[in-house]
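I've put the structures underneath this note.
In what follows, chain A forms one complex with chain B and a second complex with chain C.
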Partner chain A sequence: MIANDNLIIRTIQVGLFVALFGAWYFATRSGAAPLKLFLPAPELVWREMGVLLRSGQLWSALYVTITSIIKAYIIAVVVGIAVGFVVARSRTLVHMFEPVLSGMFAVPLTMFFPLFVLFFGIGPDSKVAYGATYAFFPIALNTIAAFSNVDDLYLRASRAMGASSWQQFRYVYMPAALPVTLTGMRIGFFICIASVLGGETLAATAGVGRATALAAELMETARLYAWIAFVVCMSVMLNLLALAVETRSERE
Partner chain B sequence: MSPNKIRLVRFLVILGVVLLWEFYARVFATSSLSAAPSQVLAELWPKVLGEPRVRAAIGVTLIELIVAFVMSVVFGMLIGVLIGMTDIGRRSFYPVVLLLYGIPQAILLPLFVLIFGLGPASKIAFGFSHGIFPVIVNTIAGMRNVNPLLLRGAAAMGATRFEQLRYVMFPHMVTAVFTGLRLAMTLTLLGVLLAELFVSQGGIGFFTLLYAETFNPASLIALILTLALLAIVLNELVRMVEARFSRWKE
Partner chain C sequence: MEFPGRDPSQRVLALDDVSLDIRRGEFVCLLGPSGCGKSTLLNIIGGMLTQTSGSATVNGTPVTSPRPDDIAYVFQESTLFPWFTVLENFRLALKFRGVEDANWRDRAMQSLSAVGMEQFASHYPKQLSVGMKQRINLARGLCVGSEVLLLDEPFAALDEQTRMVLGEDLSILLARRGKTIVFVTHSLAEAVFLADRIVVMTARPGKVKASIEVPEPHPRSPDFMLTDAFQDIRKELYGLLRDEIRQTVAAMRVARDAQA
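Take a look at the complex of A and B:
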């Protein structure tokens, strides 16, 4: 029965994508003029993807974007966990800073993007700073939540059994706080990707976001769709990777 | 420490940061790149908020935001209920929704502008595409959390499908759905602002770009702070509505 259900579900999912691509294909065949302007034929997009791959444009743009994302993410993780850990050391500090941080995170930092460009220039630095700032908040907030919610009983028990501060950190704090901290790091990772790409779309000299915006400005819709297709593939792969990491850490 | 004392210290910390910023901006910084808080305040009125075109731009952005948010909520809940209503529906379409939710939508921004033009339509559409996903996801999650026993009980007592939805499903979905609505508010605002910053004819994106490109940081920061204040007010509004709808639990 369950196997039968799974078959139905797969059929529906595959059918959905087939229908979508079919609709796309036949819509471009019908050849209505305004439609042609922003909906290129699938085979044109496919050819454009090949051109981007072979000419090396994809790799040079990806290189800029990915190094920006990695730099921003490393900064966000290091600073976020450090700040979160220090704040979580005392209840007073948590009460003092947690509402300030979560309040700031509720404000869309996108508004400050022009300031980042003003401070750090139009190169990749402004995207790194912007992505790092955006990803810092979920990581810091989750680290605070993780370390301030470690059960007192475990701490007292380990202390009573003679654990040193380091041992307490290594064997009590770390395992207790890891899952929530990891959740924060995962949220931060996807926010980091989205904000670096978003920043590149708004103002940049290079990178995937810039290439996409440029293709749209030049009305090269096939190329625009090709870039979007690459990013969608990338994000699907990253999501599957995150899912695999998560199920693995849950099993342990 | 008592809550009042904590509040006082928190206030002092924020005040200290503002004073440091003032000191830095006055002593070290280049005036074309950053502005002191006092200069920002002086700029706020009449130069920024006193300017009728800026006020109109804020109004346009607010309308874009509200339209996008309402559309996200209506369509998101509708799609969420349709998908979550049957087991097969949820298991086939929920992964698809999550997959779409995971795509960094910023990459679609140029396409939205191409399709919907330079005006408010592209901002609304982009805000909507950001806001609808958390509503769908949380509606489906909320429907799953309803105890099936209650539904069966209602059905046994002769409730129709609609009555089951209205009197059993909806009250139990409130918490999850409002988590979605709060997220949707944040994300819709993000989408609208991204689209505004990308290209704008008369919205606030036009003025942020104008201030940034003419190296007028005081006006830029003043405008940004006004918008940040608006964002906080909107978030609090959603929170208040949530409190109203969760009253039955107490």
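Take a look at the complex of A and C:
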């Protein structure tokens, strides 16, 4: 029964994609000239993807983008968790900083992107700084929530059992705070990817985002779709990676 | 013992002039209406709270902070850490106390089998029922081997039947070990069934109203509950408590009306 339901669900999921691609294919067959310009036939896109892959343009762009994402994410995680942990140590600090941080996170930081370019240049550094800043907020906020909401019962119990403050941190605070911190890290990860790619499309000299924006500016729509397809693939892979890391750390 | 509250009008005098001597190996139940300061008293004995005046001493030394070497604490709710298995929880308790050694596992398994839970050693707390968790919680309190055991309504979250069975088990367990126990409860029957001595407290601020001995050797069988001796003590306790409970209820009404 359940296996059957799963089959139906999978069929519908695959069916949606097939329908989408089918619609795309038939639209380009029958469409008018302007539509053809904005929506190139699937086989043209496919051919462009091959060109990008063989010429090495894909790899050099991916290299820039992925290293930027990794750098930005590491900075965001380290600083976010450190700040979150320190703030969560005292109720006063939480009252002081939690509203400030969540208020700043609510501001669309995209508007500040030009400033990042001014400060860090048009190279990858501005994207790293921008991605790190944006991803910092959810990570710090979730870390604060995680560490300041540890059930008092467990703290009292561990104190009664004679736990030292290091033991209390290692065996009570850390495992209790892990799930919510991990959620923050996952949100931060996607925000980091989106910010770096978004930044690249706005102002950059290299990277997948830059290449996509350039193809659009030059009206090379087949190439544009090819880049978009690669970005989709990259996002799916990174998503799977994040999921694998998360399930592993949850099991531990 | 006085709690400051947010402003002077909210100051609460929880315990007033409480004097209590507990002999080594004695099982004492603290009985009293809700809010009379039973748990506060237990927290002071355990070093979890510092009293505003007076002193608490265990084995002749004043208690100012938790003393896991002498005192183990069993809370109302299960305090098994949900992120560790049952066995890991025992290991941690021993580690916290600083007595983790090579045969910690045997020691933990022994305590678990004493409460009939040895087959659940590798389960996580969330896989167990409330009654099972509290059973294991109790076993963990016994496992660390401290001389004094403080139990803060350990069976409050359990249903009547589980309560009875656990109470009986506790009586058997403790008869073998000769620990000193202070047990906070609301239940008259539980108090009479378990305690060597029942300390009845007054409504807030808590004072010692009466101290009643239960001259029945441990382990006690459920038949004890059917005896006249049991019923007589129970009736006596009820008489003592009734006025205090009325007072508490009246005080709650006054507080409610004052708010409204």
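Everything below uses one rule, namely that the second predicted complex is superposed on the first by the 239 of 252 C-alpha atoms of A that agree within 3 Å, B and C clash if a C-alpha of one lies under 4 Å from a C-alpha of the other, contacts with A are read in each partner's own complex, and residues count from 1 in each chain.
The working rule: a residue touches a chain if its C-beta (ideal position, glycine included) is under 8 Å from a C-beta of that chain, and two chains touch if they have at least 3 such contacts.
For clarity, every value in this text was computed on a predicted model and none was experimentally measured.
Engineer: Kindly say whether there is room for both chain B and chain C on chain A in the superposition, answering fit or clash.
Structural biologist: fit
Engineer: Figure out whether A:Phe169 sits in contact with chain B (first) or chain C (second), or with both, or with neither.
Structural biologist: neither
Engineer: Which partner, chain B or chain C, is in contact with more residues of chain A?
Structural biologist: Of the two chains, more chain A residues are contacted by B.
Engineer: First (chain B), second (chain C), both or neither: which does A:Ser158 touch?
Structural biologist: After superposition on chain A, A:Ser158 lies in contact with chain C alone.
Engineer: If we overlay the two complexes on their shared chain A, which of chain B and chain C does A:Val231 touch? Say first, second, both or neither.
Structural biologist: Touch status of A:Val231: first partner only.
Engineer: Which angle, in steps of 10°, is spanned at chain A by chain B and chain C when each chain is reduced to its C-alpha centre?
Structural biologist: In the superposed arrangement it comes to 90 degrees.
Engineer: If you stack the two complexes on chain A, which partner ends up touching A:Gly209: first (chain B), second (chain C), both, or neither?
Structural biologist: After superposition on chain A, A:Gly209 lies in contact with chain B alone.
Engineer: Chain B to chain C: minimum CA distance in the overlay, Å?
Structural biologist: Distance of closest C-alpha approach: 9 Å.
Engineer: Show which residues of chain B lie in contact with chain A when the two form their complex.
Structural biologist: Against chain A, the touching part of chain B is residues 1, 3, 6, 9-10, 13-14, 33-34, 88, 91-93, 95-96, 99, 102-111, 113-115, 186, 189-190, 193-194, 197-198, 208-209, 211-212, 215, 217, 220-221, 224, 227-228, 231-232, 235.
Engineer: Under the definition above, what is the set of chain C residues touching chain A in their complex?
Structural biologist: 46, 48, 66-69, 71-73, 75, 77, 79, 81, 83-84, 92-93, 95-98, 144
Engineer: Given the complex with chain C, which residues does chain A contribute to the contact?
Structural biologist: 153-154, 156-164, 167, 171-172, 175-176, 178
Engineer: Per the contact definition, I'd like the list of chain A residues that touch chain B in the complex.
Structural biologist: Going through chain A, the ones touching chain B are 5, 8-9, 12-13, 16, 37-38, 92, 95-97, 99-100, 103, 106-108, 110-115, 117-119, 190, 193-195, 197-198, 201-202, 208-209, 212-213, 215-217, 219, 221, 224-225, 227-228, 231-232, 235-236, 238-239.
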